[in-house]
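Going in written order, the chains are labelled A, B, C and D, and every chain counts its residues from 1.
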Amino acid sequence: MPTGLWLIGARGSVAVTSVLGMLALRAGLTAPAGCVTELPAFAGTGLPGWDDLVVGGHDTAALPLLKKAEALADAGVVPARLVAALGAELTTVDSEVRPAPQASDQAAAAAAIQADLADFARRHGLDRTIVVNVASTEPAAVPHPAHADLDALRAALRSAEPVLPPSALYAYAALSAGCPYVDFTPSTGTRLPALTQLAEYQGLPYAGHDGKTGETLLKSVLAPMFAMRNLTVRSWSGVNLLGGGDGANLADPATNAAKAASKQRVLSETLGYRPEGDCRIEYVEDLGDFKAAWDLVTFSGFLGTKMRMEFTWHGCDSALAAPLVLDLARITAAAHRSGLRGPLPELAFFFKDPLDPRGEVPHGLAAQWHALESLADRLREAEEAR
Amino acid sequence: MPTGLWLIGARGSVAVTSVLGMLALRAGLTAPAGCVTELPAFAGTGLPGWDDLVVGGHDTAALPLLKKAEALADAGVVPARLVAALGAELTTVDSEVRPAPQASDQAAAAAAIQADLADFARRHGLDRTIVVNVASTEPAAVPHPAHADLDALRAALRSAEPVLPPSALYAYAALSAGCPYVDFTPSTGTRLPALTQLAEYQGLPYAGHDGKTGETLLKSVLAPMFAMRNLTVRSWSGVNLLGGGDGANLADPATNAAKAASKQRVLSETLGYRPEGDCRIEYVEDLGDFKAAWDLVTFSGFLGTKMRMEFTWHGCDSALAAPLVLDLARITAAAHRSGLRGPLPELAFFFKDPLDPRGEVPHGLAAQWHALESLADRLREAEEAR
Amino acid sequence: MPTGLWLIGARGSVAVTSVLGMLALRAGLTAPAGCVTELPAFAGTGLPGWDDLVVGGHDTAALPLLKKAEALADAGVVPARLVAALGAELTTVDSEVRPAPQASDQAAAAAAIQADLADFARRHGLDRTIVVNVASTEPAAVPHPAHADLDALRAALRSAEPVLPPSALYAYAALSAGCPYVDFTPSTGTRLPALTQLAEYQGLPYAGHDGKTGETLLKSVLAPMFAMRNLTVRSWSGVNLLGGGDGANLADPATNAAKAASKQRVLSETLGYRPEGDCRIEYVEDLGDFKAAWDLVTFSGFLGTKMRMEFTWHGCDSALAAPLVLDLARITAAAHRSGLRGPLPELAFFFKDPLDPRGEVPHGLAAQWHALESLADRLREAEEAR
Amino acid sequence: MPTGLWLIGARGSVAVTSVLGMLALRAGLTAPAGCVTELPAFAGTGLPGWDDLVVGGHDTAALPLLKKAEALADAGVVPARLVAALGAELTTVDSEVRPAPQASDQAAAAAAIQADLADFARRHGLDRTIVVNVASTEPAAVPHPAHADLDALRAALRSAEPVLPPSALYAYAALSAGCPYVDFTPSTGTRLPALTQLAEYQGLPYAGHDGKTGETLLKSVLAPMFAMRNLTVRSWSGVNLLGGGDGANLADPATNAAKAASKQRVLSETLGYRPEGDCRIEYVEDLGDFKAAWDLVTFSGFLGTKMRMEFTWHGCDSALAAPLVLDLARITAAAHRSGLRGPLPELAFFFKDPLDPRGEVPHGLAAQWHALESLADRLREAEEAR
């Protein structure tokens, strides 16, 4: 079952940590900590194995994967011994990373991406390729009439002016090439009616948005706790301090806003109301990938008594994100293989701002886990029927 | 449906906060924040209403409930305006609180307790009385052969030497008097084979142990989060600083041990292994009921990267516990009414160290909520069939 | 030694807490916790006693002091029993609070303020009146050529367009009326060359800016600790969550910037370099006066090892500020009495952003305390020589 | 000015970090972060340079310094690149580490230690050797009559029963050999009248006890802050979680008690009263040298308003301690050279529980820094007079 994993942003921290980890797992050099698909719930679900995955991708940057991996080792994100042991394998993956295509118009750029994907699949004899966006977060997309309809979009792509932000252009190309698309970022990705039509038309599954790795993960278990206990959350305020490439990018106010919004949704969804307070992202270069997030929750209980809780999360963002990228690729591959199509709301467990076309996706983590288990069951049945 | 709520430790902080709150709810002076039984899940389950509850109890202390309520108001635990408004009602409840019986032997003491319960039920024409233990935590019970068998216990109770710790003696008397028994404390209560036999024989439901209000509540959502994400918890260490009557009592090393043990179980049960670290309780008089609990969790993720989270919980213990006492009384009353008997593991949601006779009770809060909802469904069916 | 204390913003939280506290101290109803001038270092320095102080002020708001004090008691900022006991005295002070004068031009407004001050002094037979600004923080002042010179300013005040922000207009009027002026806020106050000239000309002492009560206070002891240990502070990031009148006002970005800047100066001054990181203020209504400030400090030590510390400050802003307002009034009164004139950099201990005309004011708290003790010694000598 | 630095516990974490750091400083491979003696205050004070120091020591363990340094690098305490670069130099130091002497009685053991010191000095042509105890913390010493008097002690050392704990035996031997002695641990060391007599008799300076690196360091700046602001500290409770050799040793209740006591003294000394609360040490192996200390301080201010602050210190103990060991050795060497004798209370800046024979040592860090600066001034004068 040779399966392609095509990473948009393949030279970034999350991508390189994912690749290094996959290589280490394949070589038996590490345990699969952090990989949800290695839990018993996924036994027998027909996921591609570590040996089945072939990795390639696009990036605008040129730094070789090995250099990036060494930088990640210096920063304490990944163990230096793994980078030392897997240099050759990293370089092999590096040879499959293509520059982001430059073209006269976006139709041509999309065609170039499709050609890269087709060439990759052909050379490796792949059954399927899952495209996962782990590129830098974009600012919110500028609305355009052509976003509403696939035919209009196709026409507009041929004009000189770009109509799609990069994440959506990659999604367009991936879906056109018959590849399921997963958006690990808060960028636009498939979130345009024209692209939903395209996925539908192509019969492809897709998933997103924005990997859930830190503060939002905690919110997704703590907010339901307050709700189940009928405690009134009065305010929930948070600050995320982070450095690294992602941090630098999020320091930009427009991008920050996109990300911050996707982080507060879990509160209103699980509590049934929106408590006071905001969630901020600040760039602190010194922290690198080792972010610190602090949240203060004020709540009141019986007879109105006011109480507080606060937490600090000292997490390594790339180390938390990377196994989820592999999980998403494996599950989406199995979903595709078993014929699932359209949005995969059962993957809400992995996302801050899950795709939820029918407004029925739960936001509490336990309920999301439950939904994920159901998906695993469906995959297992399909596998057994095979 | 006049229902008795008989509180062992009726003059303590938890008890008086519960009583004041119930009176305030009945009078429409407060909202039912913190009351789980007021969530939609419990609609139509035949719970006694606030007007149905009649409160009495035992205590070794003599301080009138009104005085205690005033002290709680001074300490910021309950609003002074409620105490001012409900003084007469508190005094009425006060008249139903009996001293802990003194007798020549424990058989006689049990008989006196039973007589108090019978008199209470008769005078108020009660359908049933739920006995809830909110007395001071006892040290672990001294083992005795008569604990193993009901007949042996009955004989031994007539000897001069006490064989049961107070919580178990109250449980013995309550069950003998046909009253369901709920243990909100970590004390022995019904946890002796002889008492299990008695409950069985009497066909009564019972529940426990140790109300889950702070650090353990948080553990019951955070530990499953680590498990679902396949993150390895390396250590989990906590310290609880608290004053108040309960704090003073828990400062005693023997009692402390009983409580601390019941607080760590959730970790091994939800993670599948016991991480390093302990949980300590320290008495800090100045904090009163407004405890501060700090926990540090170290964990490792993908490729072994080490991370940390910490939280501080600034909670008011009595304000968190009191609504649960009312919830437990109401649900146990409905359970009794609908003919349920034996241990009620579905109430694990409320307890640090839930009764779990068949070892199948979940320890994650979401799963416990699920079990509680099932119980609510069963009660609703029984109610609809009535 | 009857001494006037004239509060700009006399109906605000800080002002009313100060007044209530002064009345309680006078009546022997409270201990002088938080009052620096009650420490042994100030014995014999000729400060006005609690009985000597007579309070009046200006405010744009109309809410009576008693009402405000009741609201502060409801919010837990001040004890209800003190408000109950001192209602009459509060009402007496209330009768000395004047509306902020409305006039055709700022010269006329200044004259009206001076008239209020003169009338107050005359009616109470005051030796001197200290004017303390505790009004809402203003946005940074719009520069104007007339700020540079007293004569130009006097001329400009008579034009239709206002040239001074309110804090500076009050300072102008106070100094013109022969009253020492203390700025407890980050607003402009005396910080214009024209007003420095005026103070000089009038031979009056003045002090400011911005009372140091929370995060900056902590920075002023922690940053020197890192410096004395030769540890390199890499980043220092903070967030202040607060409600109340001050919080609402600071939510305005322009005001926020003024305040935040004055909060970071201590770092560069005590460390000798400016570490990465910012300090943010966020409005969270629910917190009221009970702010929560969280700071994360990353630092490196021997051989570059990276470490972290974080703190959370759960402080009541008005309770921390009020005794300092009284301290400043008392010390400034004694300074005036002993003939001191010009800026009082020895009061840096009290301020986030101390006046520092010759660039020699220390920013570490211990050194500031040392400077304050020297001032106390000078006052004591003057007193003994009297 | 060849100067010996003789480390008791030379194979431990603090010792090896100190040695590696000294070698790295000598080789110009690192900056002197964390070294107090590299601050401008110590310019021209005649301290031995990094090239002047020759290191040896005693240890009961056999693990080579290079292996220990590699383990410290794996644990992230020291940079691997320094260990790689300085292997040969570490091995050279290793050849100067002697096993703790075994002998028939303690007099013989002391003689063996003296012989080791003499041999070391002779072979390296040392001007003087400073003995610094960085061995594992001992339980409190068992009192013995011979501790009171030097002659009695000398006699008792020849009996079969040991009369001195190891730290005091090393101190006895060091002083007898004419070496100044510094105790970086909370162990007994010189704290016996007989040893004070010996130091006096030998005309030697000595210093201690217990390096101040984490929670106590913070207390020494925060407690004075509360005192200077006349805020009442109601409780101060702390927990220290740490692994590593020191942590394992401190897990022993007797040792823990010795350490915990020395950590609380700063509060009563700087506040003038002893607030409620304790300070605990817990062993958490996973944390290794990267301890986490959490403190909660409750305090009240104006009108009794209750407030809280809490901090978490994520520090690397050995990285904080090691530069201080070098500082102490250098300053004590210069003190000896300039003829100082007896206890050195001016080194209180470095210690949790400073020697304070005349009860005049300040406990606030700023005042201690002031005292240290005075000592530096004295050393500079001596140096200039040379």
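General remarks:
Everything below uses one rule, namely that a residue touches a chain if its C-beta (ideal position, glycine included) is under 8 Å from a C-beta of that chain, and two chains touch if they have at least 3 such contacts.
Source: prediction; values computed, not measured.
Steps from subunit B to subunit D, taking the shortest chain of touch contacts, total 1. Superposing subunit A on subunit B by their CA atoms means rotating through 180 degrees, a value rounded to the nearest 5.
Averaged C-alpha coordinates give centres for subunit A and subunit B that are 43 Å from one another.
Subunit A and subunit D have Cα centroids separated by 50 Å. In whole angstrom, the spacing between the mean C-alpha positions of subunit A and subunit C is 50.
The set of subunit D residues that touch two or more partner chains comprises 76, 308, 310, 312, 314. Interface residues of subunit D, counted against subunit C in their complex, comprise 17, 20-21, 24, 30-36, 38-39, 76-79, 82, 217-218, 220-222, 224-225, 228-232, 300-305, 307-316, 319-320, 322-323, 349, 364-367, 369.
Across the interface of their complex, subunit D is touched by residues 234-235, 237, 239, 241, 276-278, 280, 282, 284-287, 292, 294, 296, 298, 308, 310, 312, 314 of subunit B.
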